[in-house]
Amino acid sequence: MSSTSPPETTSSRLDRGRVLTAQGLAWRADWVRLKTVELVEIAGSGHYSSVFSCAEIFAALYYRALRLDPKDPQWADRDRFLLGKGHAAIGVYPMLADLGFFPDDWLADYARVGSRFGDHPDMRKIPGIDFSSGSIGHNLSVGVGMALAARKQCRDFRTVVMIGDGELNEGQVWEAAMSAAAFDLGNLTVIVDENQMCLDGSVSAVMPVEPIVDKWRAFGWAVTEIDGHDPSSVIEALDALPATDSSVPTCVLAHTRKGAGVSFMDLSLHWHLGYLGEVDRADAEAEITARMEAGTSVPGGSR
Amino acid sequence: MSSTSPPETTSSRLDRGRVLTAQGLAWRADWVRLKTVELVEIAGSGHYSSVFSCAEIFAALYYRALRLDPKDPQWADRDRFLLGKGHAAIGVYPMLADLGFFPDDWLADYARVGSRFGDHPDMRKIPGIDFSSGSIGHNLSVGVGMALAARKQCRDFRTVVMIGDGELNEGQVWEAAMSAAAFDLGNLTVIVDENQMCLDGSVSAVMPVEPIVDKWRAFGWAVTEIDGHDPSSVIEALDALPATDSSVPTCVLAHTRKGAGVSFMDLSLHWHLGYLGEVDRADAEAEITARMEAGTSVPGGSR
Amino acid sequence: MTETTDPRPGLRDARSWNMETSLPLMYSFVHGEELADMADDRDDIMVLTADLATSNRTNDFQHRHPDRFVDLGIAEQNMTSVAAGLASAGFVPYISTFASFAALMCAEQIRTDLAYPQMKVRVLGHHSGISFGFYGTSHHATEDIAITRAIAGLTVVAPSDAASTRALLRATVDEPGPVYVRMGRGREKPIYDSPPEVSRGRFQLVREGVDLTIIATGIGVQGAVGAAGLLAAEGIEVRVLDALWLKPFDVDGVLAAMSETGGILTVEDHNVMGGLGSAVAEVIAESGGSTRFRRHGIQDEYALIGPPTHLWRHYGLDPAGIATRARALLGS
Amino acid sequence: MTETTDPRPGLRDARSWNMETSLPLMYSFVHGEELADMADDRDDIMVLTADLATSNRTNDFQHRHPDRFVDLGIAEQNMTSVAAGLASAGFVPYISTFASFAALMCAEQIRTDLAYPQMKVRVLGHHSGISFGFYGTSHHATEDIAITRAIAGLTVVAPSDAASTRALLRATVDEPGPVYVRMGRGREKPIYDSPPEVSRGRFQLVREGVDLTIIATGIGVQGAVGAAGLLAAEGIEVRVLDALWLKPFDVDGVLAAMSETGGILTVEDHNVMGGLGSAVAEVIAESGGSTRFRRHGIQDEYALIGPPTHLWRHYGLDPAGIATRARALLGS
């Protein structure tokens, strides 16, 4: 797997607000898509589309917004990132490798017997994973615990939890939301990847979650809405996160499209899980690569 | 235990909207308080204050609003009442006996070995109990199932679920709320007994749930606010529930006071559970009885 | 709800598949179809799922009885208690989700809202054991037998293939209380040619033998049958019992195996603490007698990840692995 | 949080009590106090509860270390996963709620967020068994041993009184993974004069004897000691073992009881399916030997309601009831 470390990753400790242009972010997001396609090929099945909707956000977090140290993954002051929608971990692994958390070639046995890397992220096996996930709905609670720990330890790390829009069906998310507001956790951010789909189809048809903004506000959170495929919009929102000593937790509601970036998956009802045979994989890769070469980004807009 | 069946209970089938004046309701609510004090005496411990906050609502439901048949407790078309805050069941038992669901003397062994009547209501043992409870947070889901069943069976029964304000901490309540709105269950009503206290003290100190109105609205419910100790306010709200074929579920947010009706319990931090020795019991009974004789009601207002 | 449109728009490679086109891969997930058939004859059956209709093929039911199908979204606990409400009004709801979420996440709802009040809800916990392979521990369920067996008033069954799935669904539809159906990943090869005549609380005799009894459940049955074949070639005749019913439990079947065969090996893709092996151990220990006995399964650890078939081999749940344990037991 | 004001305003009768004044009734709930002492010496201990600080006396800790105490409100699952987050950052959180909610409602969170990733969270499940008396099944926990024992990587201990509560809290504070502490209702009479020297994974010998071994846990120990007294008067010498550790389990202790005494009776206020009795049965059955053996406890049913002490008598968990089972076993 090729490594394309941007210049800002040469020092071991990575600060918040690293240089990443809108164009660089678009490129990186498509790189995440490409790597996801590659890894799914090893396993024979995977969640392409759940990564595609949040690829720009992944890239913005790992290449700009999060304070990290690839050589010291347990660094107590690192920002935490939790992936409530753990089935999108396949998009995170390549970034961690690229940033130097572990060698690229570790990924070669993705999903094989005894591999560290499965469909869901495993904190005990993978350097750089801050908590395991897989059961949708748990991670925001875990994030509350981390943000609370920061307060108790007087540390200024930030905790960011990305969850799906279907994940909003889970009651534990609302327990966590309520407690985060009660504990004044301005150092906690939730990013809702509002890609409009869950597993059985569209969220609005299966179990509607609208109005999402009103829900988070009613639970005591500040809400920012962004176009999750527009690089500038994503960068701005993450740059504008409140100081970690502030007291209102932030919800970034990212309007996205499940499968965005590969036309035949874009908002398709059937692509929560799947596999691309050679021909279709080539098509998908060509579509992604063309954008990377042209320096363009996935069309924005949520519909 | 004395029976004071109002005239409208002579026929076996009880319709919605039975005659019950504001004064009659106040009297009945205090009767519920008295009976609760009596029953706790048998067990040696009990949840007086959780009944006291919703005594007016209990009375309005059972003596006016709910369609029931004490001689046919399993009547398919009866309205359903579920007590999410099951620890207040001790206030329901005397009403069921009074309405003729079972003989008064069944209550004599309250909480003793093998009794049908424990701290929490048991649908398999007690005629008139529509579902068991005890684990806070489950019953709204059960109510969604019942309301959905009514739809599937083309029946016009109404399902009313009473929950506590502390109960709003439980995520399952929000799962249920979301699904009720999705299923257009206008035949479902939740009554939130907003008595300002949970077990460890005041809800706002333990795990705040405000703004309650915004939460229910954001979850797709219509909200009516009432003074839960003002008889007219309670009657009006229940009379105004939408037709069962309507499509928006209703939340009646009842502002109440935990322990209302006995001055030393009224909003006390320490009375979630307890026991009154003889002298204090006499004081409590005197306070309640005085109101019943004077034809007055518990002072309204939530603080 | 799965809106149906062209399932392969834009695809050109025949090897490509997506959720919709992968449904036939889950060929032993016949419950949607079977329940749809049953629902043709009675109007109380409903099917509920939690955003997994396409994963567990309950959409086979949905297509035929859309009015009696409900998708609750990703809210398994709500689904369980909603089913209780439906059951209280006379429905027989079948709720379906991954075994890990059915039995672990909803343990309290099953106990409190279904089993104690005896609601006729049937819980279909699919993808049990380690059949989720590289999805990892969050999706494995090697605790569900222990949990469900400890719940009083709950019937627990475990089909080993498509035919026994049909048989058990039919056999338990009128159970007065709730039922937990422990299911695999939908790719179980046939053990039975047609739905077997099952008998409540009885093991199913799959193969006769006197040298040893293997009592297996779920995916373990496939391995046990294979192992019996391997051992037969060595002159060891193995009785293979399929523990289709985990509760009520076949006490007589265990006692007979003790007295009639040379030992008992239990096989399960479940923690040996609290699973099938423990149920058998209870009977052996309280009988006052003794026999050669070993519990084979997951030894109180979390499984590695990997493709399920590879994992079964790794944990010795394939014919060769089971045969090895059988030989060791007989040699001990 | 319990705001402290006059706890008895307006009360005149000395027999009257409320939440605040009832705290001394839970005299064996010494965990709040013990943890507060431990927290004096180390800054990583935290205590969390779910609106039950006044019910489980964790407010003893709250008063001394308010900054390390968190009340999550009535949200047990959130509490469990929040504790996981705290543990990942270096804290050792003790979370406390009724056993029914700890072990059943939070089974999946314990497995997935605590045990699999080996978080140092300690789950205090109090009011286990049928100790909640007339609160009924929703508040009883006769399934929690089965559930927690099936969870790999989870240590399970069960104090039988105040002194063993202190001993077990100290003994497990540095366990690398999570711990489930199965506790009673807070009114357990002393078994030990002072905190016993406990040994990881070992039964505690409470009384020596050769005619029979009673292995008991929790409230059962009190009954077993009483039963041993009754039986001694009849010339039957009973060894009483306190199963303070349910996992890891004292295999050697069981084997010794098999070979050295005339039989084994297990006693627990838990379903005999999957509880202490099953753990003992596993050892007996796999030993290849035999002994007189009976599992005494809740026989796969839901308990009646009633005052706890009356219920224990009803279910034969009092000295007389246990002695009767012991005599029957020896006579069998």
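Labels A, B, C and D are assigned to the chains in the order they are written; within every chain, residues are numbered from 1.
In this section, contacts are C-beta pairs under 8 Å (C-beta built on N, C-alpha and C of every residue); 3 or more make two chains touch, one makes a residue touch a chain.
Computed from a prediction, not measured in an experiment: that's the story for all the values here.
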Comparison of B-D and B-C (more C-beta pairs in contact): B-D
Distance between the centres, which are taken as Cα means, of chain C and chain B, whole angstrom: 41
Separation of chain A from chain B, taking each centre as the mean of its C-alpha atoms, in whole Å: 45
Interchain centroid distance [CA atoms averaged], chain B/chain D, Å: 34
Chain C and chain D: spacing of chain centres that average the CA atoms, whole Å: 32
Numbers and ranges of chain D residues touching at least 2 other chains: 72-73, 75, 77-78, 100-101, 105, 108, 112, 116, 137-138
Per-residue overlap in chain B, given as positions that touch at least 2 other chains: 122, 132, 134-135, 169-172, 175, 178-179, 182, 207
Overall pattern in which the protein chains touch one another (line/ring/star/complete/other): complete
Interface residues, chain D side, partner chain A - complex: 46, 67-68, 70, 72-73, 75, 77-78, 80-91, 108-109, 112-113, 116-118
Chain C residues touching chain D - in the complex, by the definition given at the top: 100-101, 104-105, 107-108, 111-112, 116, 137-138, 142-143, 146-147, 149-153, 247, 271-275, 277-282, 284-295, 298, 300-302, 332
Interface residues, chain A side, partner chain C - complex: 43, 86, 111-115, 118-120, 122, 132-137, 166-167, 169-171, 198-203, 205-207, 263-264, 268-281, 283
In the complex, chain B residues that touch chain C: 76, 122-124, 130-132, 134-135, 138-139, 141-150, 152-153, 172, 175-176, 178-179, 182
Contact footprint of chain A on chain C as seen in their complex: 1-3, 5, 7, 9-22, 49, 51-55, 59, 71-75, 77-78, 100-101, 105, 133-139, 304-307, 310-311, 314
